[in-house]
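The following block contains the structure, expressed as structure tokens.
As written, the chain order gives the labels A, B, C, D, E and F, with residue 1 at the start of each chain.
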Amino acid sequence: MPQLLFHKATRVELRARAADTLVVLPVGATEQHGPHLAVGTDFLTVEYLARESAKIVAAEIPIVVAPTLPYGSSPHHLPFGATLSLGTETYYRVLCDLLESLVIDGFSQIFILNGHGGNNELIQLAARDVTLKHPARIAAASYWTVAREALERVNADPGASIPGHAGIFETSQMLAIHPDLVAQERPARDADRFSFSVTSAVRVKAHGFWESFDGYTDSPARATAEQGRKYLDAVVGAVAAAFRESYVKCG
Amino acid sequence: MPQLLFHKATRVELRARAADTLVVLPVGATEQHGPHLAVGTDFLTVEYLARESAKIVAAEIPIVVAPTLPYGSSPHHLPFGATLSLGTETYYRVLCDLLESLVIDGFSQIFILNGHGGNNELIQLAARDVTLKHPARIAAASYWTVAREALERVNADPGASIPGHAGIFETSQMLAIHPDLVAQERPARDADRFSFSVTSAVRVKAHGFWESFDGYTDSPARATAEQGRKYLDAVVGAVAAAFRESYVKCG
Amino acid sequence: MPQLLFHKATRVELRARAADTLVVLPVGATEQHGPHLAVGTDFLTVEYLARESAKIVAAEIPIVVAPTLPYGSSPHHLPFGATLSLGTETYYRVLCDLLESLVIDGFSQIFILNGHGGNNELIQLAARDVTLKHPARIAAASYWTVAREALERVNADPGASIPGHAGIFETSQMLAIHPDLVAQERPARDADRFSFSVTSAVRVKAHGFWESFDGYTDSPARATAEQGRKYLDAVVGAVAAAFRESYVKCG
Amino acid sequence: MPQLLFHKATRVELRARAADTLVVLPVGATEQHGPHLAVGTDFLTVEYLARESAKIVAAEIPIVVAPTLPYGSSPHHLPFGATLSLGTETYYRVLCDLLESLVIDGFSQIFILNGHGGNNELIQLAARDVTLKHPARIAAASYWTVAREALERVNADPGASIPGHAGIFETSQMLAIHPDLVAQERPARDADRFSFSVTSAVRVKAHGFWESFDGYTDSPARATAEQGRKYLDAVVGAVAAAFRESYVKCG
Amino acid sequence: MPQLLFHKATRVELRARAADTLVVLPVGATEQHGPHLAVGTDFLTVEYLARESAKIVAAEIPIVVAPTLPYGSSPHHLPFGATLSLGTETYYRVLCDLLESLVIDGFSQIFILNGHGGNNELIQLAARDVTLKHPARIAAASYWTVAREALERVNADPGASIPGHAGIFETSQMLAIHPDLVAQERPARDADRFSFSVTSAVRVKAHGFWESFDGYTDSPARATAEQGRKYLDAVVGAVAAAFRESYVKCG
Amino acid sequence: MPQLLFHKATRVELRARAADTLVVLPVGATEQHGPHLAVGTDFLTVEYLARESAKIVAAEIPIVVAPTLPYGSSPHHLPFGATLSLGTETYYRVLCDLLESLVIDGFSQIFILNGHGGNNELIQLAARDVTLKHPARIAAASYWTVAREALERVNADPGASIPGHAGIFETSQMLAIHPDLVAQERPARDADRFSFSVTSAVRVKAHGFWESFDGYTDSPARATAEQGRKYLDAVVGAVAAAFRESYVKCG
């Protein structure tokens, strides 16, 4: 089987495969994740999911996974410290530059798999704008969106906000893949469910919003590794399916 | 009752009202809308909806509607001609500049009501970034998202994609408010429902995508003014409710 | 007669007419206009003038009027509140994007008609830069410049600064077209004539300059609807003539 | 008398004088000037004029002349070769950076003296935008505008376009100050007067416009050193007067 | 001992340590490395070196290593394919955004350790510009520069260009840390030493320069794991010393 | 012999010579140079060196010297006053615009000769990026780097930092070419040698660094005109050689 990871292949291999291979570009963030999760949570999780999903479909479709971009658009987390954020315009240009590099390299099928909510709008815009200029097909999606239905099926805790931020969902996943990166003491809260939607259908951005709930949603103390494993399996299945579906055979 | 429209008020009135008034900023587009709809469809519709919704709540909350921005982010429609589009980075800056102007003017509650799909990501980003820098509350939403449930209730044609583009939904609304701006001959198509989602859960951006279905979705010939009136009433009700809910009383 | 307004036409009509039609792009501003005029004065006025002038020549030359851009370059009015301004670099890009869209749409003759002094340099630059890159003819002018001689002929009040800002000239015009948007009480001042030129031939930009005369020039109380109507007729005649002269027949 | 030239003074002198001294910033261009004039014409001329005018007023007001910026906004001359041009956005930023540097240095009175038509809009914008942000007074003017009346008085050739480009006016001036930089053979043309205004009152930018008259206006062969000396003296007098008038005494 | 890796720590730990801790930011590239090396060579190598060097000094000074940025400034490698490059202006902004994030997070001592030649100028500029604006100390250096003397001491092959590109030096290091990412067949060349300096003291940038030697310097076939281990140890020692020296104790 | 200075030639001459002529672009700065040197030191010196070196080789290779850019990247000197600086992004664009202008003009061999340390990274980047896009050869070097060996040979004062800033080296050169621009009283310091390298091999940028030694290095009082003349001759020889070596004959 050919090399799954872009950065481990040589130019010879990559040039030979470019024309008919799907490139997955995992993008995450380095940002505060409550008092209990490592700040690398988003990029560690999406890197895990991208590679596991790619492994599953690698026998069926030609696929390669690019290096994970560990920095994303996190201005809303800067007030908490422990965060490295790219500005909105910077991050848009980073994504366009990477996508255009891949097009120059001869790739025409790309899937940006996103692991951080704050990146969501910008991956859509970059995918749109680069495909308008170049003959390429580019999918761009956050992993929890790809797997929404599967995640609702396996979720056992009605108080879990999916994805939320640093809450039951993310904490459970980290307990399953990186238990050493979850603090012993995890905060607990009564509130059953946290919602980002301030009005019935509209999410209002308000100054100081993230600080108002200390930068994490719902109740991390209720996270478990078992639930995390279920989430991860559900996502890997759904993302693998999305890779397959988005791929178009040449010739 | 105070002036509903920002541009009809003097600086004296606006300064007096800034501290506790919700400003609605309607944003649209000027772009091809199939062979049958006027290219101003998006901004005409959102202007109508913003003003009607504001009228309804004007007795309850202080509200003012800014001039409609008639140009938006429409690069995907440029290949069809008859389109005026702002680049991604330009449009982001336009929105930030307008929002920051309102903050300088003393307003702290703003609602961007959007009438064009291509603007959706950029209004979210501008709202986020300006509220992080300034003590403001900014909602940003496309009108069909605000009214999703109400629209599903009143929609009688299962083949209507909501919002779609220049299809049954938009054409019906235009028949109700500007029948003179709908061509006599409207195209018909068999396909019951058009979907932007190429895979099950992921929307892939593909070069030439919009050209592949001639720039309009589903079957405009099936649009009716009666259906349009129902759509509009549903939206006006939902948007008015969103204005009310998003508003926070001072003191 | 074909549709005069760009936004009311379909793509079918606009594509058919692009090659030999003059597009007028009216640009204005939303900004404080003294204590007595509506903040939409500039875009309302230029929209009126662009459409009236176009109507006059529509029988002679193919012409279409694009949607008025209601926001312009007004940083000098932000300290007064009630103003929405685009930054200098933003506004330049907006104009270039709109002009390039029109070129992509197949138009090659464009006339930017400007209704706000602060936009004047930027419309010149955008027109220059886009015509250097593309095979187009683009005129860009403020309406009072186009009509300077005619305005001097019809002006009866030697204390009127033309255009000034929110003074006798603009107030008179608004009394003629939108009397409801002029406050009952209009400020009066002794000074016969206000001049922007601080030295004999050079206009010095000074910090706090606009605040030093409360954001309006000369004496609005002396404005009359009759004088306004004369101004408007003079401008419409001159602008219509400029449309005609700037137009070059194809083939 | 203190040092007239900024670049010849030390930081000690400049810091001591900053608070009450007028800084003149001469800006020019390096661009084709017909077949007969050196490409440095614009910056050589404006440097001469700025320094001569400053010398005249140096006994009356504190004044210092900054290094001449030899590159300007000349995209319209690039098709002729022999031209070095800064892009529109680049040049705007250059001017803002230089003006803001002077403000940081403690200067608050600045006069941009311009020697190239293509720079005219951008010096106005930079002057406006920097004075809005900082407590400064900035004049920005092309030398022929400052001296318009005086130039009309001394001009003996009705076919001379003032300023035109590389025509009788500029060629005469160069014959007076740098005769070695004027080619022996100078082109002659019948046309009495060249006008940039294509319509009666509006200047239309047209693709290929400059190439249509080979990059120079009117008839350089009719230039004389005597006429050039008269032009120069007229300008120096008018610019010196403008320096004086624009200057505001402190305390 | 506290967590060595930034991304494995929580916000609680990082905020507590920010004031007196040195943050190392490793930056690399994903780009063609000849026919024989994995395209991730630069970021894999610098990540290894940054972490090993930090481990050595961690007992003496408070230190933490941020996630490696796997994408850099590689436009000169795009013609070879298999390369992902950020544009010059993009990469400058990325670096400034990351450095400013760290300053906001409370860190004031930062060391950018660079593993790709093309990044060298931009890390210097970002370090300069951010320290001018903020009260911080920022070192920025390519690892081979830090270790120049030590590398010359341990280098046994006079034909090795240090660093060169994908030649004896880099290939040896990869053989020592990632032998699986070096192709079996490595190209050989007679030329003893490759030099980037075209003239005696000046490096000329020439179009097609990198293509002229097929994108790798000197003779990769002569690389050995033993030599690589010596290079790595020399670098780790020198970089560890540089971390120590650059660090300033607080209080 | 053809005209040595670009700005003194006409477009006719320059177009005829473009294809096979080396253009030298001297770039400097206007910035504080201690209490004793004129702020124009950098651009005056590099202009002198560029022209003298070009004269020497003009008999052997076709060469022309463009106007000196008197403003550079000097943000670190702004706190001292008496400085005009272009921002990092501005200066990068200025250089790219000038280089691209020369390419459009038909030149393909360019040598940026730099006279100010703060410009060094940006001239490299601009040279790299423009040659990647266009078929050109562009050298970019600071004059003291070109002449490093020659300068070490002629330097008699072991306490002289070369280049340093406003120290023995620069002061000596100015005493030789512009003695009137050196203050009578020059500061003296005991420290034999000033080093920019804070650690053994790494230069750390630290906030307030330049202020910590009052903006000049080593001991200007020890400068002499004789030493300056030796420095200048050494540089002229080395730069002339570099012009010769970098030049590639056509055909």
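The working rule: a contact is a pair of C-beta atoms (placed from the backbone, for glycine too) under 8 Å apart; a residue touches a chain by one contact, two chains touch by 3 or more.
Computed from a predicted structure; not experimentally measured.
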Chains in simultaneous contact with chain A and chain D: none
Least step count from chain B to chain E, where 1 means the two chains touch: 2
Shared chain contacts [chain E and chain F, defined touch]: none
Selected pair, out of B-C, A-E or A-B, that shares over half of its residue contact pairs with E-F: A-B
Distance-maximising chain from chain C - centres being C-alpha averages: E
Chain copies touching (chain B, chain C) - same or different residues, decided at half shared: same
Comparison of D-F and A-B by number of C-beta pairs in contact, larger one: D-F
Separation of chain C from chain F, taking each centre as the mean of its C-alpha atoms, in whole Å: 48
Intercentroid distance (Cα basis), chain D paired with chain C, Å: 29
Residues within chain A bordering two or more other chains: 89
Circular arrangement of chains, read from chain A onward through chain E: A, E, F, D, C, B
Chain E-facing residues of chain F, complex: 75-76, 88-89, 92, 118, 121-122, 124-125, 127-129, 131-132, 134-141, 145-149, 198-209, 238, 241-242, 245-246
Touching residues on chain B, where the partner in the complex is chain C: 5-12, 14-15, 18, 30, 32-40, 43-44, 66-71, 78, 80-87, 89-90, 93-94, 97-98, 101-102, 104-106, 180-181, 183, 215
